[in-house]
Amino acid sequence: RSGKKSPITLIRCDGYMCEREGVADSHIAFRGAATEQVMLVWSSRPRTVLLLVKKDPDLMSSVIEAARYLLEVENMKVIVEPQVQTQALANGLFLDSFVSSEALHQKVDFVICLGGDGLILHVSTLFRTAVPPVISFNLGSLGFLTPFQFEDFRTEIAEVLKGNCNLSLRMRLTCGIIRQGYVEHEFQVLNEVVVDRGASPYLSNLDCFCDGKYITTVQADGIIMSTPTGSTAYSMSAGGSMVHPSVPAILFTPICPHSLSFRPIVFPDSAQLRIEISEDARSHAWASFDGKSRQQLRRGDGLLVEMNLFPVPTINKTDHTGDWFQSLDRAFNFNSRAMQKPLP
Amino acid sequence: RSGKKSPITLIRCDGYMCEREGVADSHIAFRGAATEQVMLVWSSRPRTVLLLVKKDPDLMSSVIEAARYLLEVENMKVIVEPQVQTQALANGLFLDSFVSSEALHQKVDFVICLGGDGLILHVSTLFRTAVPPVISFNLGSLGFLTPFQFEDFRTEIAEVLKGNCNLSLRMRLTCGIIRQGYVEHEFQVLNEVVVDRGASPYLSNLDCFCDGKYITTVQADGIIMSTPTGSTAYSMSAGGSMVHPSVPAILFTPICPHSLSFRPIVFPDSAQLRIEISEDARSHAWASFDGKSRQQLRRGDGLLVEMNLFPVPTINKTDHTGDWFQSLDRAFNFNSRAMQKPLP
Amino acid sequence: RSGKKSPITLIRCDGYMCEREGVADSHIAFRGAATEQVMLVWSSRPRTVLLLVKKDPDLMSSVIEAARYLLEVENMKVIVEPQVQTQALANGLFLDSFVSSEALHQKVDFVICLGGDGLILHVSTLFRTAVPPVISFNLGSLGFLTPFQFEDFRTEIAEVLKGNCNLSLRMRLTCGIIRQGYVEHEFQVLNEVVVDRGASPYLSNLDCFCDGKYITTVQADGIIMSTPTGSTAYSMSAGGSMVHPSVPAILFTPICPHSLSFRPIVFPDSAQLRIEISEDARSHAWASFDGKSRQQLRRGDGLLVEMNLFPVPTINKTDHTGDWFQSLDRAFNFNSRAMQKPLP
Amino acid sequence: RSGKKSPITLIRCDGYMCEREGVADSHIAFRGAATEQVMLVWSSRPRTVLLLVKKDPDLMSSVIEAARYLLEVENMKVIVEPQVQTQALANGLFLDSFVSSEALHQKVDFVICLGGDGLILHVSTLFRTAVPPVISFNLGSLGFLTPFQFEDFRTEIAEVLKGNCNLSLRMRLTCGIIRQGYVEHEFQVLNEVVVDRGASPYLSNLDCFCDGKYITTVQADGIIMSTPTGSTAYSMSAGGSMVHPSVPAILFTPICPHSLSFRPIVFPDSAQLRIEISEDARSHAWASFDGKSRQQLRRGDGLLVEMNLFPVPTINKTDHTGDWFQSLDRAFNFNSRAMQKPLP
């Protein structure tokens, strides 16, 4: 036994549970990359689809076309939102609908979006816990989360039904508003939650905590807590990095910080972040969730932000990296040609 | 069976291996956070320590003091570098040493550094595969990776011997230079690898690939590929975000890019990045590894960068988050006081 | 005459007037630098001083001390604000005051501020046209525009009375709110005017004009139009450069712009800038002036911004460059020591 | 006389000369904007033109066409560079040329460039003192300083001959390398002078002075001193603002600074900047001038940078602001459409 190294055990805690791991030869190593490309396999053919469409009367003919195909050719059950059901009926087509979205996640095999990025946010709202895989078709303007062309609807749907398609598991954040020690409201965001000073002329003075420990006091116009999906939205306007959708991280990006040394921070997905409006703050603050549901945060209120364990699985056209760079190209001209544009 | 959703299986691939996972109720969920706080537990008391010190004759008395304590009080075997062995002998103290660092990782239970951040880079060079846990004491100037005070040496070492200390598993990157299709040289970096234009007046025109697929052509002064540990070093000077050491990510930060739309990118740890100097580039490029070992990259050469599966485990004073924010405070005055400094 | 170059005349227009200039030998040249260090010379000893103080009861003893010195030793007439007059009287000291600030600029030789940067903004409000030279003493916390220590009050005032002190002529902006084609309200700012989206979740969509010509449509959280004095305030938080107080320029700094190619712009002082809320904007906007007097801008409203010909002359401790870098040091640790702080 | 304010005289010094100015009613005011739009008026018709062309054999037919028009229709004397003279002769056309560029500025009424932005840099090299007005035609790819289309050559030249065209007076910087106390070499730059660390792994540690006074020590990859014309070139890649060509300013933009508080600075045109490589610097530095003439700066060497009193007058298509925003549009898609591209 002499000359042998002391055996090592690691205890790994992710904030949800802890796990012991013996270390072979005391050689500490990663167990592989923490990030993955995920592929979807159906054990039996999917039969129920939720068909969502952007609110726009001009799109009704596309909806009818898509629904007929799914019903008649693919022999699926097609669920639509109530107002679409009514419009479809006016066109002589009977489709299923729902009263409450509560039980949808127990019925729907996958979701088809006809529209733009906004619809994916809507999916996230409909499914507060588990979300079925989502395939997203653009109708006209190209979106960031919308890699599929409606012209190719039939072949693309046929591929999805076969399975073997790649997914991006898009992290969501669960955001709870704390009042008098209790979480009063809860919101799920796919892009970001923002705390800002609203119309107040005074800048916010926000105490920030990570895993219960005080980190810093933000003096800025506001703070953005973003998912990787949201990294190319508001967070980027405020100077945050572009984060690949597979990186298990929460971005913490200050908006116009007073301190020159306060740079955007990338926290691990296990981080539990808390923002507090201190009792002696000069003004209230406001929180908004994916740009909506604006809530006032009064002195003493707090906001708790952590990863939601249920991601939004979006179906890739190629894979998570290929689709992402395609989106960057479309949205920002992020490509070799832009690169070569000469500066004087 | 009717009304049941189609069962789902996910196949997860991290670039090293693939794994099948049945999805309960077809509810796709994360299996917990991908990131963790890791705690070290010794199954038996460690007996062999590698004691490293910054090259500085003034530090010899501290080395002697530390070594005597480890030998005489803690009853450990103390290994030092050859030149320290010689100097210790001149002070009447016999310490073990080594000729080649090849087998060190099979003997050393943990490493003590007396010095500064530079010594951790040296540890990374000595241990190219598995690295024992490292405890780092500053002697004078406070470092970024050096949370412990030498004044507290005895109590801190006693704590480490007990175990139950937190670790940051710091990712390293394996960087291979490709010439005529073969990897010729390999370097491990703890901070970053940089490809730049050196003294050439022409900006580099670098083709970039992720997992074998073409991503973009970088027209810039250079490109930094950094670990989270390196995120607060050169990458930050070039505009990259501060990335928590637990985030499994590789930073890709351009240096003075020509294109205004080229922002710093955060890739997942599973990404295999490749940079190529195209055959028709206007000039050569240069690669440097943690600021050292500068190598010329000629037209047609490439650089392959991916995660090394063996991290550098550094012992935390508190935990990975607490230590990190302490470092940001020390290095950048990143704290509440700086925050409150009023702008006019 | 053959072989001679064609003689050239230049017509120079600054937006206020045009001027013809014959060019010797047709050699076009600058007539010297456009920017200057300005020195103040009194033709006779100043006799009337306006003494301003921050609203803070603890400062009354300093005010009394300063006023007594000015009255009794320097034999000057001392004017204070009405509420200070009352408080001074309660302390047995009679000082002059004023009802309206309208005529102040015809009486006051120079202004003494006891307080902080906020007082200089107050001076700018009191003197809407010509402003007398201002000397600014800090009482406790160091300000950005406040280079003098109150301990040195007597010697510094003696120096000012002698004259031969350097001045920074700090540009102000005249900001007019346009409604239905007419300028309705006018504000003078020393730091900046900001147009933002207030509490609206929709980002502003602002049409921008320079000298009557359409420049761009800003899609951002807002836009900052700043003087050089304001360049180290809000504009810097939003990514603007630090602009020396002598540079005759208006900064145009977007707040979180949507477009990655929209960088902060520095316009010449002759630029007349106009922002319009288009009739089909999704929401109103808000304007604020040196952080105050928040005004709603409705669809169809506009904001006209141009240089005020009357600057705020602040008395330098050394000169305009020396004082400025001292301020940067104090406020941002912008100095050689901070520079040498090593990154890991 | 009692009740009158003390009369004020201002002494204005721009680093070249000082000037006294009585202040009416002691009301300190700007004498108008310091920046101007300049219009060119010929007192007699110009007769001598310098025709420059990018080195590219494919352009010879355009040169011949332009020269024939100038000679035969406009009846001007056309001067070309020696190698163009030879090529024109081979095409049966005799044009004037020159041996040394020394006396060119005494003969040439205006300059025509057929090519791209690079040619304007060449003009700046040919005319080290006074520069005649320059009209710049692009041949194919659109340049930043090249607003005119060659298709419109005849009408545009006819307009120039009439005069009444707007000019941008583009500032140049005179850069002197100081060795052992003496200026050894002098360079004129139209874009920027850069001091960087070249291939050295050590970052430069540069002492910076303004008007003889120590300002700061730069620890960075390098420093860019740029004209407003150069503000949209390298300086912008390093984070500098876009500066309108009429602003009398020198940009001081650090490249990857170590200190987070070191932001780009805009100095007045009167600033005399000096960079010194301290005797104890860890390595040499390198200076390059408009991307050319790379010079080593050894320990103890210095670099003196100040405004050259002779600008490069470029002829505007519309005016200095209109042309500039057109260029920004062409080069960076800086326009309303890019603005409206939605982020997800």
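So that you can tell them apart, the chains are marked A, B, C and D in the order they are listed, and the count of residues begins at 1 in each.
By definition in this document, contacts are C-beta pairs under 8 Å (C-beta built on N, C-alpha and C of every residue); 3 or more make two chains touch, one makes a residue touch a chain.
Computed from a predicted model, the values in this text were never measured in an experiment.
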Pair exhibiting more inter-chain C-beta contacts, A-B or B-C: A-B
Chain located farthest away, centre of chain C as origin (C-alpha): B
Computed distance of Cα centres, chain D from chain B, in Å: 45
Whole-Å gap separating chain A and chain B, where each centre is the average of the chain's CA atoms: 29
Whole-Å gap between the CA centroids of chain B and chain C: 48
For chain C, residues that touch 2 or more chains besides their own: 234, 236-237, 239, 257-258, 260-261, 263, 332-333, 341, 343
Chain A - residues contacting chain B, complex: 3, 5-17, 25-30, 32-48, 105-109, 129-133, 167, 169, 171, 205, 210-211, 213, 215-219, 228, 231, 236, 239-244, 246-249, 251, 257-259, 261-271, 307, 309-311, 313, 321-322, 325, 332-336, 338-343
Interface residues, chain D side, partner chain B - complex: 198-199, 201, 220-221, 234, 236-239, 255-258, 260, 286, 288, 291-292, 294, 332
Complex contacts: residues of chain C adjacent to chain B: 117, 143-145, 191, 229-230, 232-234, 236-237, 260-261, 263, 331, 333, 341, 343-344
